[in-house]
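Given below, in the form of structure tokens, are the structures.
You will see two complexes here that share chain A, one where it goes with chain B and one where it goes with chain C.
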Partner chain A sequence: MNRREELMQAVRKYDFALYDLMLYLDTHPRCPQGRRLFAEYKAKRKAAVKAYVAEFGPINALQADTETRWDWGCGPQPWEKEAN
Partner chain B sequence: MELHAYEEMAEALETALTEAPTSVFPPVTPPGMAYVPYQQWGEIYESDRGLRQGTMFPVLDYPFYGGACNEQT
Partner chain C sequence: MWMYEKKLQYPVKIRRPDPKMAQIIMSQLGGPDGELGASLRYLSQRYSMPTNEIRGLLTDIGTEELAHMEMISAIIYQLTRDLSEADIKKNGFDTYFVDHTTGVYPVAASGVPFTAAYFQSKGDAFADLTEDLAAEQKARATYDNILRLADDPDVIDPIRYLRQREVVHFQRFGEAMRMVQDNMDARNFYAFNPSFDTKCSRKCCHKEMDT
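Our next item is the complex of A and B:
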């Protein structure tokens, strides 16, 4: 797994954890442990996305950096090997 | 269902929503209805294991062992 894949895998697993915990919290809204773990994974995901975007550019257009240029289109295109 | 039974059930449900559930059965179990055991908080997979297994909750992790013999993948 190259560096890019490693960072993306972190985003994927935290996204998954959050989604599954969301389903749990839908039926257990007052579960303190569930809510605490959700908050933990939210922070982890935020850091993982930040790390990925800093090194490999935006994952979605909302993360595009418009300070210096519109970099949304700069990364490898989805159909290119590097993007998968 | 007389009115008071309904009120009792509504009140029990109301209290149930205030605390996290501690039993597998809902607080009110009217006869003739089916129940699914209520999931309790318990062990949680690490996120990479959870992503592989398809759930963060070991209690919900029912891998499919298809195939003729029963060797576990």
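Our next item is the complex of A and C:
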């Protein structure tokens, strides 16, 4: 696994935990443990996204560079082997 | 609305092209129990769900199905890279190639194009959620069949992930069904359609969470 893959995999790992917890909380909105875990992974995801975006560019258009160049379209598309 | 996240939900990295396998897996894009139909089913049905929790659940599962459609499309895309003429003729991929080259198009493995007739939006929570439970099981069974036919670990890995998500969605839909039942008259669930006949059960089950 190269550095790009490693950083992306960290983002995916937390996103997966958050998505699965979100579906769980949709039907168990009163579960305090679920909400606590969601908050915990949300913080970890934020750090993982920051690390990826700093080196390899935006995951979301809101993270795109508007100072020097528009980099939203740069890099391989998600369905390419090279992005996974 | 939706905003794009430029990543797959789970990685797809297939080294060996295999157009025959692409044609089989295509059923989970445009086939009767595929991810496109799943997404359209839940995103259409959500409007007539009786509580905010269940409307939210259908939005979130319908959105995840879009991410699964993208993963299936990525699998098809990667399985059809760098094909030779012989690869295309082998095992009948030529019948897809003649119409679509190696473009990704939603059809079933049998060649029937995607149709909205694969799903319903009945406007009745019991009918729709019962369909959703069956849909998840049918998709799970399709993934089981794909796993019987696949031998490349690069293909098997993301397919196993997608299969597992069907099981989780089935669980959540079961809970949603129970939430609807809990809101209804236990002596006769079908006394009225909570999506149509009355506003009495349209309030959120957990009222305090709305305020």
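The rule we apply is simple: the second predicted complex is superposed on the first by the 76 of 84 C-alpha atoms of A that agree within 3 Å, B and C clash if a C-alpha of one lies under 4 Å from a C-alpha of the other, contacts with A are read in each partner's own complex, and residues count from 1 in each chain.
Criterion: contacts are C-beta pairs under 8 Å (C-beta built on N, C-alpha and C of every residue); 3 or more make two chains touch, one makes a residue touch a chain.
Since we're looking at a predicted model, the values are computed, not measured.
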Chain A contact check, chain B vs chain C, more residues touched by chain C
Self-check item: First (chain B), second (chain C), both or neither touched by A:37
Solution: first
Now for A:16: first (chain B), second (chain C), both, or neither, which partner does it touch?
-> both
Review point. Between chain B (first) and chain C (second), which, if any, makes contact with A:24: first, second, both or neither?
Key: both
Query raised in the report: First (chain B), second (chain C), both or neither: which does A:79 touch?
Result: second
### Task
Once the structures are superposed on A, label A:66 by its partner contacts, choosing first (chain B), second (chain C), both or neither.
neither
Overlap of the chain B and chain C interfaces on chain A comprises residues 9, 12, 16, 20, 24, 27-30
In their shared complex, chain A is touched by residues of chain B numbered 17-21, 39, 41, 44, 47-48, 50-51, 55-57
Note: in the complex, chain C contacts chain A through residues 3-15, 53, 56-57, 60-61, 64, 70, 73-74, 77-78, 168-169, 172, 175-176, 179, 206, 209
Within the complex, chain B is touched by chain A residues 9, 12-14, 16-17, 20-21, 24, 27-34, 37, 41, 44
Listed in rising order, the residues of chain A that touch chain C in the complex are 5, 8-9, 11-12, 15-16, 19-20, 22-24, 26-30, 58-62, 77-79, 81, 83-84
